[in-house]
Structures are given as structure tokens and as C-alpha cells.
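Two complexes, one shared chain (chain A), two partners (chain B, chain C).
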Partner chain A sequence: MDKATSSAEILRSQIAATEEELGRLKEQLAAVEAKEAEDLNRLSMQEKPGLVTQGNWPLELEEYKRYGRQMIVPNVGIQGQLRLKAASLLIVGAGGLGCPAAAYIAGAGVGTIGIVDGDIVETSNLHRQILHSTAKVGMKKVESAIEFLASLNPNVRFIAHNEHLSPQNAKEIVENYDVVLDCTDHPTSRYLISDICVLLHKPLISASALRTDGQLIVLNSPPLPHGDPSGGPCYRCVFPKPPPAESVVSCGDGGILGPVVGIMGVLQALEAIKLIAAGKLTAREGEKAGEASMLLFSANSNPPFRSVRLRARRQKCFACSKEGGLTLESLSSGSLDYVLFCGVTTPVKILEPQERIEAREYERVLNGGKGKDHLLVDVREKVQFDICSIEGSVNVPFSTLQGNRALAADEKPLWIPQTLPTNAPIYLVCRLGNDSQIVVRKLKEIGLDKDGRYIGDIKDGLKEWKKQVDSSWPEY
Partner chain B sequence: MASEETIPIIVEFTGGLEMLFSGERKHRLSVPAKDSKGDAVTVGWLVDYLCDEAMKDNRKEMFVLDGHVRPGILVLINDADWELEGEASYALQPNDNILFVSTLHGG
Partner chain C sequence: MSTSAKAPPGHFKILYFGPAENHTSITSENLPAPLSVAKLFSTLEKKYGGIKTNLLESCLVTVNLEYVDIPEDENDEGMVIQEGDEVAIIPPVSSG
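What follows is the complex of A and B.
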């Protein structure tokens, strides 16, 4: 027992001594470590010959990491990256083209990006305008876009132009940039942007899209002064006359697939990066325009991409030739009326007031017991009719009424039911009340009203049906 | 005296123009080699022919306006702007590809 107690005592005192020793060693280590850290610190503060400090690299260290994957592509390299950083680029339109274009251009590190748009974000934008989001509906598009882009790449300087480009502000806005992207959606802005780019010697990358098709052209590249045939053609060289206003279809009317316009916007970004990285923002001594081309994209064609050769600068082009007559003064003063030049479609107004009924009046026809004795013809395209239609209506798409034999005089169209009395009224309806008026006129021309039958349309179409009759109508 | 000889060509429509031509983008046509006067047929002749024979739609003005292809339509002969090839006077050759592109404006 005593022997055991004394060996336990010995062990306890040995442990205590060892712990004391361990504590001393830890203190020593801490002191050594602290000194090492101090020395290291002092070392790194010194300008040591043979080591290059951060300030001697042309980019920030973070930028080497951020852009490394594109910098090691031979077409870019450090030189290209520095050109991107030094460049300023203007995006006109923060919509279906402008959003994807801006994302890639900001991601690539273009130093200054300006965005022009006067619109606000709407729910119907969100399937394709990828910088905006559900929470940003109602916000200015330019602000929404910059918020997204700044979080993507804080190195870029963003400039907001919360207004539409106009002849009055075009010079002031565009002159501060090296290259312009036309991401707008109407001929008036396309001619204006091309003209100001010619006047200010800026290359222009123009794209457009509708339904499943897209088009891309690089214009005014190299951006030589007007009258120099070595410069690239402008929009007016390719399209000297604007299309008739009634042939211009917007995405709102014709529809657009998100990825289709997205592809075109991404291609614009690619062309911009190629142009900037290659140092082609301004013409080099003796440089001549290569062959101008237009890239066509059709989602449903095989192959989907097709490049076609375009003409060079037009000798008598209004904008880029010597004798053209376009000047900064004439543009800025507003003496060139782009809206007049391109024409405007005024709402169709061909029917007399008695040939039109209000949506609420039609609702009374429908539910007033006379429902059987009339026909409601919906002339929207089938794809729209399938989304929603008024009960009992028949669909006769406007386009099918354009055929040579679609409406022949004194011939009853097949879509009129056999059981419909010859004097029963026919009402026409469409989305907004334009096409329906044209069809009313046509039906009367072929004599469908000869038995005293009333033929008229629902004024302002299904838009009013929602307002006046059925608030649950799914407006698309 | 019109000859019976015909030449095969491909006519294509894009940018929405196909809607005027039964919704078909690609049309393989066999056109007479000579017009009624015995001259070689040209692209100008083809435009009239398409308007009169191939177009099922009444809206001719969406294709031809004041006797010319309407503004906003590019005509491409074998993938080159027809202005590089002599425009309407270009004489059609066997297997030519004539593409009519309506410019798009959406974005």
C-alpha cells in the first residue's frame, strides 16, 4: 500500500514538472513565431531588388484571375485585355438584345459601359431580358441593368442614360464612346443610330430579332470619314429606304423566343470584343473595309446560321458619301424627322360608329337570350386563339383571309355555319380592334350583309373585353 | 417563240416573308429559261413570276411596291447582295439560290 502511494506521488510530480516544461516550450515557440512574423512583415515592406511589386503590373491582381480564361486565348492576350479595359462602349436599348450583350461585355472587362433606355421593366420582358428580374418590375431598365452588371463586375465604370436616344441628345451621348451597339427595336432608332455613328466615326454593331429569326451586321467599320470609300457601309447603304411602316412587326405583335434574341445579343458582344481586342476601333493607316456581311439566324432552318455578302459603301449614300448631305447640324437641329422618314402606323379607323359595338354591348348580345342568332368571329391567329377565346366564337385567322380565294364575292365562306340564319348578325373581334375593322369591310364587300345582316366589330377588341366585361380574361 | 427549256432554281424566304408564300421557306422551282420575248429570264422576271404565280396571299404590296421589291427586303443571289450581281437584270443560271430576306427590327 505504502509503496503504491509513493510511486503515484513520484508520477504526479513528474507530470507536474513535464507540464511546467511544456508551458515554457510553448512560450518560447510563441516568441519565435512572433519574431518570424515580424521579420516577414518587415521583409515584404522593403523594396527588394529582383521582386516586382503589384504596382508594376498593368492590371490589378484580381483582374488577372477574373479575365485569365479569356486572356489566354491568343486573339485576346494581355494586349487585348488592356484594350478592353481602355475602351468605352455604348449600348442603345436594355432589352432582349442589350441585356445579354451587356452581361458579356461587362464580364469581359470593357472599362466603360454606357446604357441608353427610357423604358421601365415590365413582366412581359422577363422571359428574354435577362438582367431584369421579377422584383425589378416597374424599375427603370437602365438602373435595373446597371445593378446587375455592377454586381457582376465592379471594375467597370457604368454610365446611365435614362432616356431614349433622340436627334437632340444623340451627339452628346454617343461622342463619349468608342463603339456603339444598336439593341433597339424600331427602324427610326436604327437610322438615327447609324447616322450619328457615321458623323462621329464610330463603328456600329447592329442586331435585330423577331419570332425565331435574327440578323446581325457590323457597320461603319472601319469608321472612316464620309466620302472615303474604304470605310465600311452604313445602315443607309444597305437599306437606303425604310420599309413601309405597316410591314414593321414588333416583338409585342409578332412574338419572340428568348434564346433567339439572346443569341443575337451575345453575337453583338462577341463582335464588340473582337473589334476592341484587335485594336480596330479606329481605322489604321491605309486600312480598307473587308467584305461587309450580314449574319442570318433562323432557329428552324438547317443550317441555322447563314452569312451573306453585302455591298460596300454606296456612292451616293445620304449619310456616308460626300454628296450625301447629312451633317451634325442637320441631325441635332431636328430637321431630319426620323419618325416621318420611317412613317407611322396610325390605328385603323375605317368603320363608321354604327359598325362598331362596345365590348359590354356584345356581352348583352351574348347573354341577353339572343345568343343563338349571331356569330362571333375571332380573327386573331390560331396560336393566339388557342390561348384564350370568348365562348362560342369561331376562329378565322386574319392571315387566312388574305388568300386569293379566301373571300370571293357571292360565295358563302365555309366558316359560316349552315344553321346560321342569313340575317343573323356577324361580329368580328381581334386583340386590339384593328384587323377586325378590315375584315368587316371585306365581308361587306363580298356581300355578306345583303340580307339586311348586321356586320360589325367589337371596338378595341379583347383589350376592352377585359376592361369592360371580364377582368379574369388572361391578357398576354 | 418560247422554248420549253426550263432551269431549276431554289428560292428562299426569311424574316417573315415566308408567310406570303404558304409559310414555306424553301421553294424548288423549275422556271422557263426564256421569257415571252425569248430573252433569258432574270431575277426581275422571277420577282414578277413569284408575285403572280407563287404568292397565295393578297398582300402583294408586302413584296412588291411601285414595281420594285419593297424597301426593307434584301435580295441575295447565291448569298450575295443582288446589287453586287447586277440587281434585277441578273440572268438566272441553273441551280441559282435566290434568297429574299425581310429586315427585322425587333430587339
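What follows is the complex of A and C.
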């Protein structure tokens, strides 16, 4: 019996000890659960504005997520990101360069972005101007661009300038920004933007593109006052003399591949982000310009990229040297005539009225049974002729008649068929009726009209052919 | 264009960028070296009539990827382009 009593005693004490242990575990669990609840509570309070209990971060939580991938790149970091947020940047031109540049700059979180452009979106823009969509044809480019960019990054403040940059508005617009991107398409705007950036001490990132080639230059960086040789060169230091006006080719005339101008715009965005993140918007005490360079891109060349070293500021530069005559007053007052400086192209007008025929008159020649006894020469470049041409016309590209390849006097060109009577008329045609006039003059100079042959052009070219004769003509 | 190929002995290579090609119809060629840069424009003018005023005078010219000043007087001294050098004619492109 004693044995049974002692076993029961042992079991009772074991149960008591286990129950005590169980109680302790329950207490511990309760403490852990209470702490978890408290932590959860604190976290949810942090997300509510005004209830922050700890952590005073300089960016919004969403911004850490949005920019995290670029902030962890050593050259950017949190300081670079804060500089981007504090910066204001002006994009002049919302076209083939400005669109890709703006997309990356807005994406990167530059705090304020201004866009200058007075144009509206056209169908021929869409293959390269990636912020504009088909539905936006007819809309102002600046508004179309900002609509896209605001949906990409609502943190950015966008400022619309629905006008072209001019000597009159340049100071007022540019002075509010830290850095400028030249995404325009004409020599006059290139010189104007460079000049105003020199005068207002703004670094300038300039790019251009045509066909399969592009150029990129960072100018006026560091943006020291004019006369300080330590500042970066300006556009006039690199190209003091504008190209002759008649040699300037636009993307509309020369053509452009979307990715080529896209590459150049993206490179502008990269240079802007590098400059801002590194804190180089203003010159530092005693700072000297590094070696300025121009990056050349040629899609069909090997290697496709080349970097050439540029001069420092030109000693006699009109804009950035001490001797130069550029002042804010002379620029704003319009006494500096950029149009005159770069030259003006007026429509070619070298033929007499009797040397030109209307498109509908030529149609009568074509259908009047005399069709065999004339020659229609289309002087557009072959790539354009291949797209569309008038039946029976022969293609003699304008470029093949230039310079040393010009026609020699008294030499019958090979493209005139042997069977063509020497007095049969020759008509010239081109896209708009400029080049055709020049060729008419040349053909007369070499004496092709000496047997009483009529030589003339179709007035206003194939543009009028579409209007007057063939509405199905594919205008490109 | 095969711009990476070296010029043959006694020549330098000249590259024509962008709109320069419209005047020359080629993107690069080899010309006899040595040649002073002061005589570069007149040498090209003989080959491509009209190229001096229509193109070269507004261009940036580099030798071995470094800008060079073209003296106004072609009898001026100035640097001499040597055999094997690479010269580039870079016209301003303003479109975009």
C-alpha cells in the first residue's frame, strides 16, 4: 500500500510541475502576441500622414520603390536621386529627340520638366516621336507629350510652353531652369539656344540626327560666365559658321530612321542624368572644363560610335569669349538676327511662266495622243522615285547632276532615248517644283533646246499632280 | 562603310560624315600623305567642285579624333597630316 501511495505522490507532483510549465508557456505566448500586435499597429500608423512615429525619410516610400533600381547604382545613390528631384530641366522640341529624352528624364524623377514646342502632332511624326500616338494627331505636341509623361510619373511637375523658342521669349523661359536640352531641328534655334545658355550660365546638352547619323555634344559645362576660359565651349565654338541655308536638309526632305534619332535622344537623357546626379549644374569653385567631346553615331559605319575631342572655348568666340559681342539686350531686342545669320531659303523661282506647265496641262500632253513624242524626267532621288512615279517617266536623280558630275555642254545625256526626236519636248518634275527648275536651266545651258525643243517643268511638282490630276497619288 | 580599315602606305584616310557624303558620294577614301591641313580644303575642292563653300567652311575637322584649326591662308604653316592618320569631315547637323 505504501508503494502505491508513493507512486501516486510522484505522479501528482509531476502533473503540478507540468501545469506550472504550461502556465509559463502561455504567459510567454501572450507577451509575444501582444508585442506583434503593437508592432503592426505602429506600422499602420506610419503609413498615415501626420502619425509618423519614427523615420524621417527624404523621399516618399513610393519613390524608394520607383527609383530604387537607379538609386543603387553607385554613381547615383540617394544624394543623386535628391539632386534629380530638386532639379529643373528644359526640353526645347518635343519631336524625335525630345520624346525619348523626356521619357527617360521623367522616369528618372527629375523634379520639374518644361517642354517648349509650337507644333502639332502629324502622322509623319509617329514612327519616331514615341510620346505621341495615332489618336493624338492634330493635338499640340507639348500637351500630347505631357499627357504621356504625367501618366508615366505623376511625381514630376510639368510646365507647358506651347510656343517656339524665340529671341523675344528665350530669356523668360530659360531662366527658370537649371539645364537645357536642345532637341530642335534647325540651325537658327541651335545658335539661339546656345547663346541664351551662355548668357544665363546654363549647361546645354545638344543632339541632332539625320538619316542614319547623329551628333551629341555637352556644351557650356561648367557654365562659367563668358570670358572665363575655364568654362565649357558653346555651339559657336564648335561651329562658328552656319552651313549655307540651301545645304541644310531637314528630316522631312532627307529622311530619318526612328531608332537613330531615338538613340541620340536617349543619350541626351543619360548626359542630363549624369550631370544632375553628379551635382554639376553649376560650376564649383575653381572648376575647369574637362575635355569636351562630340559623340558621333553612324548606324552604317564600323565602329558605329566615335568620340572626337573638341576645342576649349574659342578665344574669339562671339558668344562666350571676352571679345564677343553677345549681350542679353542684343539677343532679346532682336538686333541679333538668327534668320539672317543662318541664311534664308526662298522658294526657287528661276523659270519664266512660259517655261512651266500646270500638272493638268501635262496630263493632257500624256493623254492627247502625243504621248510618244515627249520625255518626262523625274529628278527626285531614286528611293523616292521607287515609292511612286508617273507612268513613262524616267528617273535622273538631282544629286547625279551636281558638282563635278554636272552635265557637259554639247554632250547628249545617256538618259535621253536614242529614239526621241531632237525637237520632242522634255518636261521635268520633282516633289515640290524647286529642283526641277534648276535642272531645266541646266539642260538649256548645255544646249538641249537648240533644235526648237521645249524644255519646262511641272509647276509645284508632284504635290500639284495629286491636287489637280490624281487624288490617289501616295503622298509620303 | 569600311572605316576601320587602315590607309595603305603613303596615304591617310578621310571620313565624310552625314551630309558630307552628299558631296562626295562616298563615306571614306584614302588620299596621299603628307598633306598640310592648310591645303586640305583646296585638295578636296579640286576633287569635288563647290565643296569648299557649300560644305567644308562650316565643318568641324578632326585629325586622329582631335579637332584641328584650318588656317585661312593655305600657305600658312599649321599641322601636317601624316601617313596613316585618320581625318574626319564633320558637318553640323541640325535636324532632329
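One rule holds for everything that comes next: the second predicted complex is superposed on the first by the 418 of 476 C-alpha atoms of A that agree within 3 Å, B and C clash if a C-alpha of one lies under 4 Å from a C-alpha of the other, contacts with A are read in each partner's own complex, and residues count from 1 in each chain.
In this section, a residue touches a chain if its C-beta (ideal position, glycine included) is under 8 Å from a C-beta of that chain, and two chains touch if they have at least 3 such contacts.
It should be emphasised that the depicted structure is a prediction, and the values quoted were computed from it without experimental measurement.
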Taking chain A as the common reference for superposition, should the pair chain B and chain C be classed as clashing or as fitting? clash
Partner chain(s) touched by A:Pro229 [first = chain B, second = chain C, both, neither]: neither
When the two structures are overlaid on chain A, which partner does A:Pro303 contact: first (chain B), second (chain C), both, or neither? second
Where does A:Ile256 make contact in the superposed view: on chain B (first), on chain C (second), on both, or on neither? both
Contacts of chain A common to chain B and chain C in the A-superposed view 93, 95-97, 183-187, 190, 207-211, 213-215, 238-239, 241-244, 247-251, 254, 256, 261, 264, 294, 296, 298, 300-301, 306-311, 399, 402-404
Hey, which residues of chain C end up touching chain A in the complex? 1-4, 17-19, 22-23, 25, 27, 47-51, 53-55, 57-58, 60, 62, 65-67, 69, 88, 90-96
Would you mind writing out the residues of chain B in touch with chain A in their complex? 14-16, 19, 25, 56-59, 61-62, 65, 70-74, 76, 79-81, 83-84, 99, 101-107
Residue set of chain A touching chain B in the complex reads 93, 95-98, 182-187, 190, 207-211, 213-215, 238-244, 247-251, 254, 256, 261, 264, 294, 296, 298, 300-301, 306-311, 399, 402-404, 406
What residues of chain A sit close enough to touch chain C in their complex? 93, 95-97, 183-187, 189-190, 207-211, 213-215, 238-239, 241-244, 247-251, 254, 256, 261, 264-265, 294, 296, 298, 300-303, 306-311, 399, 402-404
